[in-house]
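Given below, in the form of structure tokens, are the structures.
Both of the next two complexes hold chain A, though its partner changes from chain B to chain C.
Right after this comes the complex of A and B.
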């Protein structure tokens, strides 16, 4: 730590700053997608602990789509579908049949980890084919902001989709019937049922949307961030997304902010190297999880979970 | 009354707004409804009266679409219909206000009202706000459209519920036990609202087990018992009879001639329970009048939680051989008081003495063992473990201790023997002692709690709303048990039901904002004094104390 302070001057140099910001953004994007998804299903009362598995499923199917059909866009669609397949188990087992969400969620995570590893091995053996570098799109004017502009506003299109999505969700939660139904399904499902809206349908769609977003988050890792699918490549990001969603109390804007901060902690290794600071990579790799622990210690009390969360809904039961 | 009566007959029509014909519905082990027929008319308040478990709520659940009947059919305005869900019920103009709030606390009033209203994407808040003010005007109430519903008082929440039930143009309104959560003032307000609804020509059904409400509010009364309608008192009869005549007619319908006998065996139990010599131990502390002090609170302070106040310096003396009542509007520290005495909450200041010895630092279990018992108001939450059998629930506070546990081993025989005795003695209606406690009716769960707390060396028992939500018969039983404690033991009766306190207690302390604002000797005029203390007439409170 002394070293860090000693070379504090270097930390604010241009390459360090841009690598922190851009790295934080890029590393934060999969978290953002996934945590936005979790926000939807938690709002509706479905605790999705299968995020990790859905991300991996999305990463794998997304990679296949992009690899065989030579299109990142197709890849993301495949990724969303892959995540939704994982979510389908959640929907059928938990929402329809009322099984325990925690158990099923963990099962989905384990199945996702195992299946994608096995399939990847069966298909490619020990080779890891790579995708080409992602195409970038820049935002006119903003990309001319000095220092950070050129790198920050010149990103793969999917990054912009994420922010548009966050904005859309913000609007939908505030002023649409969908947002209201979701909230009621999580806060007091029997009230929603009595109002004539199907709780099961609301929660099913929410869980599917979560799967799709987690799938896209995973696909981002394989298609854009790494350009390759490797087994277990999510490295616990699904769990980080759950923490982010809880701390953000269902607010998409907070999800964006928190994901960005966690993204910085993920990408800080590069920045530190640029700043000429050498710390053991083991320590650096711990950083994201330390951040989570610190965040939970500081903000744990403000986490809000709706009363109906993880409670299966059966009409007429109390 | 006359004017209202005319309005009623003008609005009422000959075709019933809703007819329930020969409805039957069975649940595992229970015939909830057995060939029940009831007709509801516009411009009329129809009361379904019956004990807990008589099948009132099931019947209305069927009409509201929450349950499907096994047989029988429903006609709405003469047309036969099938109601498959709450949504279809609403489509047929049947709105329901359930006993438990269905409002989403985290949403505003307007959001609650428009929940599920339209399939359109955008919410139309401004139009909803306008409609809300129309409804408020019709009911003669005032509601802030943008308040979070969890911030509203219960009576106000219920008004929102009523508006919600009418929101989609319902002409039939079902109210399930609408007064069970309300303060007396809110009940009066509800009465006004109901009259307005009747004048507006709605068919109102309300379900209750409280006799005087049925008599005071309704135009037509159907009495249910064990799943059947055992009698309907129609408009003419209701209008022509005096309240007293009506009450006796209904009591006769409900219980036949068994009513007077009903309480006798339970009274007997309470006497049997007495153990000679257990009342006042040798090292007795005696108060100024020479009576033995059983329990004493000295400047007890307890922190509140959230919106619930704690205790703010309460001093009380409970003597052996008396029932001390605690009156007050709900949410003035009753729970804190009960839990401080039982040991579930720590005092921040002051002392509690039991039989002359300080107990404030003792655990719940230690106090329990000394003979200080607590019958909680939260029967389902902290009273029983729903998924455990009746037999285990009866020894819930003695887990790990002889004779039910020995050397870490469960002694099923001892537990079962104890359970069989208590089930018999306290008349707990349960299919078997292995039945899960959560499946019993409210009255039987309360009997289970009483059986657990009143046996053994109970010396002082704290009752918290002991008859809340119980049917008439169980209420009588429970009150007799409380009065029975006067024989050498002592009871602290915390209740929001003034009638109950006047019936059971010797002295009544009034709790307001965590303080005892006065103690009244029970007797003529006590009700009025208590009422004044409750609404905060401090000068009188000091004089009375």
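Right after this comes the complex of A and C.
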């Protein structure tokens, strides 16, 4: 009994709190990148089920870039390119040729899983070379906030990029023509076409942007979070990102919040261990998915998807 | 006109027949057209497989493995020297999952939660089975048969209700339930179903006398027979019953379905339950036929690899049989071939993905030919020549 009380008190201790917040943030970052990407393409009417494969492609190419060229930044660029290669299939097959987005999405996921694993095996065999620890950048002043400041505002630079990106997307969706075009491509592609904007081009750029962001999300996993590329390292995070994007209903700010929450549920295991509570890892692994199910049951009524989603656009066809 | 017979131009009848339900098509078409349709189907189904094998071979070459040697090794380890029996036993659960998926895909519902359904059913068989060994073997099997079907069905219930009442995207809900199911299965293996006599996390083993018996003269268990019956049952269900017709209408147009008086909500829930039941049964066949116990973190992920073949068979439960047989051989032989030639086993995933991609491309060309259109997609040329937003007031384009 005393033991239980002691550990309950530990939950609110400083190391546990910081590990929960920082862990949630770090675990949520790849989700945030990927879900932000999915938000773009869902808005434009492309359901991207290949996200998992694109993340893995990005994780692999990003790792290669960082490993051979010794720079995390180069790694992230490579990661974005890797994700875009996956997205290119989506663009050509689904957007240009109008093939089934679900089938192609599943194919991209399988190809990403298989190909990265095969290439990794062919290259490194059963050894998994590690990258050095990522460099951190701290924000002046904010990192002086007591308790959480030093750890929360002292992150790898890519973390700040993510938040800037979310802000940019918020602005772009709200008050630029790009945002309007994307929305029209998902809501009523005929109207966009009638207005003289190419639906195909809009959706192509959206899908490519999604691939790039998913690639960066994957690269984050291999370069910063793990420092190593292992086959299937995304473990369903691509699917989680799709759910986050759907729950956020196309709103970047909601994506940030939801990703942070899921990040916390991903990182809660470490925090609980620090607090001296031992819970089965399977239960912990289950938490994010269970959270999503509960969220879907509660908010199910209000889930909203654009009517043009997953419907290929062919001019003059209804 | 007075006799009530509406004369119709013979060619009109042939030309204007709407795409018929199920496979009635072959009865209505003249012989030459039937042959042409069969040829088209063969081309659309077999060519992607061949192309994928060729492309996979190129990848093997790049990796420094002789593809001919690899494929020969697949044949040796998958078919020859009695190893076809192992392939057949692997095909059994795959076939049942394929049938479960076909039934619900026909309604245009994307039930992708097969992994969780399979594993939960598998774990419950090994968890409950060893406690009821006192029963006569036939009753034992019947109980577990019903149990697996029930478990598989129940695990689809939440996505089914969400889909039926809130139109929540079933891809997401079934995937999430699948992940939850996989973790729950692990918790059960490590917790209540843990075999107390061993240290590694695994369930008790079903006694060998209660495993499904083999077909005389082979190692193949009778579960394979159950698995082969299932596609025929599904075929009958889809083409000869009102349920099949309703499913087809729902898949073609949900709004039309509710307009003709189909209880769409009930139909959605029923199709989920039936699909889940078949997936659950795959665990019955697999565990009682081959494994006998379940280890923690074990997940054969049958469904992922079944999906392409379900599509290749055009959601026809009979046509899926040869495809599953092909894949079972490829998978069974490929695992050993990969080990022999130092290729990662995940190469098979690449092969499956390639089949899917080639399939969609072939499908596209076939569709274009039917419509009499050019092979080049419209708008391909000017796609990237246009800015993402129109230029207004002299502003230059802002690209992503």
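One rule holds for everything that comes next: the second predicted complex is superposed on the first by the 311 of 318 C-alpha atoms of A that agree within 3 Å, B and C clash if a C-alpha of one lies under 4 Å from a C-alpha of the other, contacts with A are read in each partner's own complex, and residues count from 1 in each chain.
To be clear about the criterion, a residue touches a chain if its C-beta (ideal position, glycine included) is under 8 Å from a C-beta of that chain, and two chains touch if they have at least 3 such contacts.
Note that the coordinates shown come from a computational prediction; the quantities given were computed from them, not determined experimentally.
Asker: Can you tell me whether chain B or chain C touches more residues on chain A?
Answerer: Larger number of chain A residues touched: C.
Asker: Quick check for you: in the superposed arrangement, does A:178 touch first (chain B), second (chain C), both or neither?
Answerer: both
Asker: For A:289, select first, second, both or neither according to whether it touches chain B, chain C, the two together, or no partner.
Answerer: A:289 sits against chain C, while chain B stays out of touch.
Asker: Using the touch definition from the top, say if A:188 reaches chain B (first), chain C (second), both or neither.
Answerer: After superposition on chain A, A:188 lies in contact with chain B alone.
Asker: Report for A:196: first if it touches chain B alone, second if chain C alone, otherwise both or neither.
Answerer: After superposition on chain A, A:196 lies in contact with both partners, chain B and chain C.
Asker: Identify the partner contact of A:315: answer first if only chain B is touched, second if only chain C is, both if each is, neither if none is.
Answerer: Once the two structures are laid over each other on A, A:315 reaches both partners.
Asker: Once chain A of both complexes is superposed, is A:106 in touch with chain B (first), chain C (second), both, or neither?
Answerer: second
Asker: If you stack the two complexes on chain A, which partner ends up touching A:209: first (chain B), second (chain C), both, or neither?
Answerer: second
Asker: Check chain A for residues that touch chain B in one structure and chain C in the other, and list them.
Answerer: 176-178, 181, 195-197, 315
Asker: Sort out for me which residues of chain B touch chain A in the complex.
Answerer: Against chain A, the touching part of chain B is residues 61, 66-67, 85-87, 90, 96, 98, 100, 102-107, 111-112, 114-123, 125.
Asker: Within their complex, state which residues of chain C touch chain A.
Answerer: Answer in residue numbers: 59, 63-64, 110, 158, 162, 165-166, 168-169, 171-173, 175-177, 179-180, 183-184, 186-187, 190-191, 304, 307-308, 311, 343-344, 346-354, 356-357, 359-361, 363-364, 377-380, 382-384, 386-390, 392, 398-400.
Asker: Which positions of chain A touch chain B when the two form their complex?
Answerer: Of all residues in chain A, those touching chain B are 175-178, 180-181, 183-184, 187-188, 190-197, 306, 315-316, 318.
Asker: In the complex formed with chain C, which residues of chain A make contact?
Answerer: Per the touch definition, chain A meets chain C at residues 49, 89, 93, 96-100, 102-104, 106-111, 113-115, 117-118, 120-122, 176-178, 181, 195-198, 200-202, 204-206, 208-209, 231, 236, 239, 242-243, 246, 280, 282-283, 285-286, 289-290, 292-293, 296-297, 300-301, 303, 305, 314-315.
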